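Below you'll find the structures, each written out as structure tokens.
Common to both upcoming complexes is chain A, partnered first by chain B, then by chain C.
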Partner chain A sequence: MNHSAKHLYLKRLVTSVLRMVGKKSQTLFGVSLLSFIAASCATNAPQDTWQPKGPNAKLIDDLQQPVFAVAGVIGLIVAVAVIYSVLKYKDRGQPIPEQTHGKPALEITLTIIPALILAVVAVFTFGAIFKLAKTDDTEMIINVTGQQWWWEYDYPVQNEFGITQPIISSGQLVMPVGTKVLLRETSRDVIHSYWIPALNGKRDAVPGRIQTLRLEADKPGIFAGQCTEFCGLSHANMRMEAVALSKADFAKWVANQQAAYVAPEKDSLAQQGEAVFLNQCVRCHQVNGLMRADGTPAIAAPDENVWAGAAPNLTHLMSRNTFAGASFDLLSKQCRDEVWNASSDTIGAKYLAGVSQDCLNQKDLRSWLRNAPEMKPMYANPTQLEATGGKYRGMPYLALSEDDISKLVAYLLTLK
Partner chain B sequence: MFSTGFKYFMGMTVLSVAALIMTLFVFDQVALAGVALSMLIVAVALLAGIAVVTRDGYRQSGVTEQSTDLVSQSIWPLVTGIGVVFLALGLVISSLVFFVGIVILLAALAEWMVQSWSERASKDANYNASARKRLLNPIEFPVLAALGLGIVIFSFSRIMLTVDKSVGAVLFIVAGALVLIAGTLFAIKPNMRRSLGAAVCVLGALGIVAGGVVSAVSGEREDLELAAAEGHFTHKECGPEESEYFDKLKEETLSLRSSVSATIIYQDGELIANLQGLDKPQKSITVSRSSATNIIFRNATEGEFRLVVDLGKPKTENDDSHNDVDCTQLVETGGEQSLTLNIAKSSSAENHYKLFIAGAEDKQIEVVVP
Partner chain C sequence: MAIIEREIEVMAPMVATPTSTYGVLKRPVAATGWRAWVFTVDHKKLGLMYGVTAMFFFIVGGVEALLIRLQLAAPNGKVLNADLYNQMFTMHATTMVFLFVMPMAAGFANYFIPLQIGARDVAFPRMNALGFWMFLFGGIFINLSWFIGGAADGGWFMYAPNSGPVFSPTHGIDFWAFGLQITGIASLTGAINLIVTVLNMRAPGMTLMKMPIFTWMMTVVQFLLLFAVPVITVALFLLSFQRNFGARFFDVAAGADPLLWQHLFWIFGHPEVYILVLPSFGIVSEVLPVFSRKPLFGYPFVVFSGAAIGFVGWGVWAHHMFASGLGPVSVAVFSLTTMAIAVPTGVKIINWILTMWGGKLVFSTAMKFSIGLIVLFTVGGLSGVTHSVAPSDTQQTDTYYIVAHFHYVLFGGGVLGIFSGLYYWWPKMFGKMLNERLGNWNFWLMVIGMNLTFGPMHILGLQGQPRRMYQFTEARSGEGLFNFAFWNLVASIGSFVLTIGILLFLINVVITARNPTKSPLDPWNSRSLEWMTSNPPKEHNFDVIPTVHHLDEFFHRKYEEDPATHTMRQIATAEEIMAEQERNADAHIHMPSPSYWPIVLAFGLPVITFGMIFSHLIAVFGAVIVFFAAFGWALEPSTAPASDFETNNSAPSTALDTVGKS
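Now for the complex of A and B:
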């Protein structure tokens, strides 16, 4: 085939592909191709697997880079060979070329070479897998429990980190840098999967089982992730973040999480909010230390109201930056950006500041209290709960007045 | 006399009347069935009347053409009758019997139909017989084989439930050896008489069935009976031991063992917890609320002990989601058992959960539910 014929051929190929795609979708096709190419070099990509921020993710990266290179070269060779033969042996009415069959030497070589490549890859892969599965060098454990559609974290008593009573939180996983943290994952309903791309690969959270995942961050920072096992209606809104703090900052965080409950000031809006909370929210949400009017501790009963048997513990809600499966910000856009974009030296202090009155994302929090299922799809229609025996999956619509919402927001702001 | 058609429709009428009466006696709500059966009675009675008036539509009465071949004897009317009896009994006794009746009836009707068709298929009796076989053997053989094997296997299982455990093992070995020997013989001497082989098989099967009947009559072996009487796994004693048998039965479920949250060890007069992922022994374990959590109890002390979990009192009025205690069975020295915890309410200053050794209540591990 001479040059111009080749050119003509390619032109035909392209036009026929475009014709196949159809006129209307041509632009769509072009745009998606472009955005696909563009996406591969985006700068603001917090879930980029190619940017490891800890030794476990680095281990995976070190493995996948050379494999990707080798596979790329092979892929290229195969593609070129295919295209070459397609072009060269295209049916132009020429006689059928001589058919050969049975070249043992060639066949054996072509079997042995891939086998060797795969064997080499396998050796390094197994090595990495075993390293990632190690648990005997653990310095700290955190229990991670998934449910539709948020993650709960609890920290068992570990005196060497100042954790003298268990800590419980949701959405954002706070951990010290340079520490080998072992997540012990499980689930309360269906299978979920925990994945913080910057720190390690994925690990399924399976009901009735404990599965472990090593995490370690080199430097302070916030690392985004999301549930990667399809888990129902709001799977896409089941996100999470890992927040790595310096050891000193982590100790401060621990101390704050263990601080005793401070009841809101007498006759304040927040105190009225506490009363609303006791009425409306405590049947699902625990606030440690909260007392009922009669002086008995208010113990939540999410097992009687929610299918998974749990709702986020709100004791220190305002020490987190996100809510509802990390899919909404508790901080206003500006304040949130300040934390996200802070350098690793300053991020700890900024994170520990929590959510102040000025920085609160009033709009989203108020919408959540006004009608949560509208913000995030959940099975919360009381007339359609036969499958779960009348229990909600998610937080229901509670028909609160705007007044009550204001009181609640004032109260929630005290839960630092 | 009465024509065939009349007999047929009359019989159907009588049967439906009987069914209606039975329905009225047996079922509380008969509306639909009653109406359906009544309408059936009216319809078939009408057809019976028409049949007797028109003499089945034959113009000349009396002589009908007789086929030249003798029709062979048939077992199917009898089987159909048995099916009907089962059906009727089933209405009163149990739906299983009713179901068996339906199966027998359908099978018999199918066989009967094919038989009567095949007997008129051609003038050649041999051909007719082979036509029947061609049609029915592909169904008959697998069904009969499954039934026969099922009976033999069921009988064998009755035998195994009756004989001692060690005898059971020997029986299994002998059975396996016999099959091997028989197979080998057939392989070495392929032209051994077929009937001989069949006879051996039939005899063997009959022996097993007879053994099964004897075993079923004489009952299961003592320990199984005792275990069944004690409720097996459904009841647990977390205090001093009262039952004789069930407590010695271990739940050695592999899947539980493969994913435990903590191993609780009773060793040197101390109760310690090893958490998966942490090497240091702990005095407390953390269990997330409303989540099935498996733990293992290992007894490394001389004597038999059980681990008890104290789940406190239910904390809200309408909460009866858990018992106050749960426990493992007795675990011998060096033994292990699993226990699954599922605690709905968080623990707090007022609301403690703990694990302890029955009879040595001071050996404790705190269970923290955040």
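Now for the complex of A and C:
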């Protein structure tokens, strides 16, 4: 085919494609095509699976990118073959073709080629599967427990990281960079799934089982995640974040988490808040070191009130950025952006600063204390708890007065 | 041939079938009016009833989908609350899988398998009717839950322990489990019936390798159903006992492992995927050769790849569980089997393209849907291959990427195939052709709508939007114009374009029904036996059972190859072939008589399950209905005595002729 003939042929091809599409649907077709060509993706999507920030996620990404590329090419070949035969073999009055029933040699070849491509993919896949399942190179262990609808983190004693007493936290997983962290996951009620896309794929948290997931971050940063196994009513509101800190910053975080309880100043609003807390919240929420008026330690008993048997430990609530299963920010919008958008050099210090009075997201925290089930759907209506024998799944409406809410907020702000 | 009961001169004394009704009811004989439908055992009428009911549930499931897309059109949607949203996506999937695609395929199978193999009905006509009524009552039963305290809210996969009584205190899941149990029995009876029909009732000369490809694919599907449905039956029994009778199969505190449910569900659930797409593969494999004027390329390869998919489909279930903690060895094995199943699937795509290659392509609406299926199913197949790479799947699973993937498979594959079949076989079923111009619009709007709806979900999933969330928030949506809000809006707009496309189909049906123009006898120049009879076929299908010499028998009766040039020349028209058949019509054709009992028996089942949920007394009442229906069924004579009919059987072919046209 010489050049001009080729040109003519292409022209005919394009015009017949357009004719086939039909005049009126042309615009629609054009628009959808254009939007696909222009289709870039969201920038800085926090849960992007194509932006690995650690070696485990990188391993997955290195494996999947060529697979996506090969799949794209094969898809294109199929589409071109279909379009070509549609244009080339359109009924233009040609005679009925010979009734051939196939060419076995061609069939076998076209069967073996995709099988070979897949065999190559399989070899690399196997390698990655076993690398991602390794547990013998672990440097640090964090126990992760899912329940409706939040995550609890429990750091067992690990002297090499300065963890000399167990640390219990929730919502945000704080970990040192460049350290091979092994999560040991389980659940207290239904199946949940732990997923920080920038650091690794998912691993389900299954009640009655302990399953492991490797995490490692290259640089300090905050990485968003979301529970990805449907876990009931508020599945959409079960989020989490992994916060990677430099080793020095992580040591500071550990030290703060182990710091002794500081009671609020005498006669302050916060002290009145402590009393409200002791009256209401301590039934489920533990604050380590908190004493009752009679001098006995206040021990929370969530197992008596909550079906899963646990509620978030609030000892160092204000060292976290988020609350209620990472559904809401503890930081106001401006302060939040400052932390989240900080460079990897400065993010550690900004995160460790915690939540100050000026930065507190008063609005959401107050609404939560006012009526939690209204902000996040939960099974907390006392008249509808027949199935659980009267126990809540989630936090109930507490009928707190606005005064009590102000006192509680003041008290919670002291839980640095 | 079990069903074609020819008149016999001497009654054999050992016949076990009772000849009187023992004071119970006579067999119904009405040939017109509602009785002709409600008590029918005719495979064609039942096929149409399956189709109409499935279409109704398609609309129900579609409305559920639109509500989901309305809720997700913008961040922090307020159309549905969390509870209702969870019910909505559970019921959308349940409805589309169990109440639309499966029964629609059952409808096609019912109608066309006997016609394609040259039989006069299925092997067990009353059981066939029972199957339809159980499906209908089961479907209604599941949807009753909407009005009695709320529908099932555990997702169609209904993972334990979230499906237990503590975590889902409404009766939705009870209705769901019992209702699916009933439709499951329907699938089982249908599977046994069609397998026996295909194996025993083919026309003389039709060896298995001369059987039309649609019948082949449907046969594979029936075997899949036969083995897959019992697995979900067991799982549903465990679930129902857990919820209604205090059993503790999935109770971790009692030592259970909740992964048991996942294994049971997906051992059923993955073959189920092939149960949903293979019927459409069969339809496409019929339509492409007809409109390419060429036989299916590599017929034996397509047959065996279908059978291979049927076998390997049993060894891939755990790829739904790559994130559940199976351990690396299991994950590696299921990765490999999943890649392996891509090969026979690819064979089909290659054969479809090569069927068109070198053909004489006629772009009817049916053909367009089939070509659309090749391209769009390929997209779904390829994204499926990316899941077989298990580490990659741990990033994608439970995100919108999966939603995109299986909608390209089930909508791009399953539903487009169904629409192709509807356009192709409409003149056969109703004697009129659907409007082709409207069909063109129907096709393009559906294809554009489906790509707008499900295409962006690839991007959303890969950028980290998880499934089954009743709201997405701006905080996790990314920045720039093309953030999650944008793509979700595109998907929502797409779903309305898609809806318009489907509405055009319904409009087309109405217009066609009102149009008096009859279809020609052989409007598409077709190739297989179902076109070798009138439109719609007479009640007894064929005046004379054809003897088969070729794959594509009908085509080879119309055309002959010129030995010198290898071109085909016409030797007979469809009308001539039809006239020839009428001249040689069988003298005595005795069709199975209608029966009251299938609908009565089927009605008893939801009464039992309703009683299981609310009051065991009601269940006893339902059991009594079932018992007496079975009793009446057993004592019913196999055919109504000739004296029951108004016209006697002196001239059966003409008498039945009028029956068929009613």
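Throughout what follows, the second predicted complex is superposed on the first by the 361 of 416 C-alpha atoms of A that agree within 3 Å, B and C clash if a C-alpha of one lies under 4 Å from a C-alpha of the other, contacts with A are read in each partner's own complex, and residues count from 1 in each chain.
One rule holds in what follows: a residue touches a chain if its C-beta (ideal position, glycine included) is under 8 Å from a C-beta of that chain, and two chains touch if they have at least 3 such contacts.
This is a predicted model, so every value here is computed, not measured.
Enquirer: Once the shared chain is lined up, is A:344 touching chain B (first), chain C (second), both, or neither of them?
Expert: neither
Enquirer: Mind working out whether A:384 is in touch with chain B, chain C, both or neither, as first, second, both or neither?
Expert: second
Enquirer: Looking at the overlay, what does A:268 touch: chain B (first), chain C (second), both, or neither?
Expert: Neither partner.
Enquirer: Quick one: chain B or chain C, who's touching more of chain A?
Expert: More residues of chain A are touched by C.
Enquirer: Classify the contacts of A:305 with the two partner chains as first (chain B alone), second (chain C alone), both, or neither.
Expert: neither
Enquirer: Please work out whether A:98 is in contact with chain B alone, chain C alone, both, or neither, and reply first, second, both or neither.
Expert: In the superposition, A:98 touches chain C alone.
Enquirer: Determine, under the contact definition given at the top, whether A:209 touches first (chain B), second (chain C), both, or neither.
Expert: both
Enquirer: Looking at the overlay, what does A:258 touch: chain B (first), chain C (second), both, or neither?
Expert: In the superposition, A:258 touches no partner, neither chain B nor chain C.
Enquirer: If you stack the two complexes on chain A, which partner ends up touching A:371: first (chain B), second (chain C), both, or neither?
Expert: After superposition on chain A, A:371 lies in contact with neither partner.
Enquirer: Please report the chain A residues shared by its interface with chain B and its interface with chain C.
Expert: Residues common to the chain A contacts of chain C and of chain B are 207-209, 211, listed in rising order.
Enquirer: Please give the residue numbers of chain A that touch chain C in the complex, ascending.
Expert: Those in contact with chain C are residues 20-22, 25, 28-29, 32, 35-36, 39-50, 57, 59-60, 63-64, 67-68, 71-72, 74-75, 78-79, 81-82, 85-86, 89-91, 94-104, 106-107, 110-111, 114-115, 118, 121-122, 125-126, 128-130, 132-133, 148, 189-191, 193, 195, 197, 200-204, 206-209, 211, 224, 226-236, 239, 307, 377, 384, 386-388, 393.
Enquirer: Tell me, which parts of chain C touch chain A in their complex?
Expert: On the chain C side, the touching residues are 81-83, 86, 153-155, 159, 161-162, 165-169, 252, 255-259, 292-301, 323-325, 327-328, 331-332, 335-336, 339-340, 342-343, 346-347, 349-351, 353-354, 356-363, 371, 374-375, 378-379, 382-383, 385-386, 388-399, 440, 444, 448, 451-452, 455, 459, 462-472, 475-480, 482-484, 486-487, 490, 551-552, 555, 559, 561, 566-568.
Enquirer: Considering the complex alone, what residue numbers of chain A touch chain B?
Expert: Residue list for chain A touching chain B: 135-136, 138, 141, 143, 145, 152, 154, 156-157, 166-168, 182, 184, 186-188, 207-212, 286, 288, 297, 299-304, 308-310, 313.
Enquirer: Which positions of chain B touch chain A when the two form their complex?
Expert: Those in contact with chain A are residues 259-261, 275-279, 282, 284-286, 288-294, 315-316, 318-319, 321, 344-346, 348-351, 368, 370.
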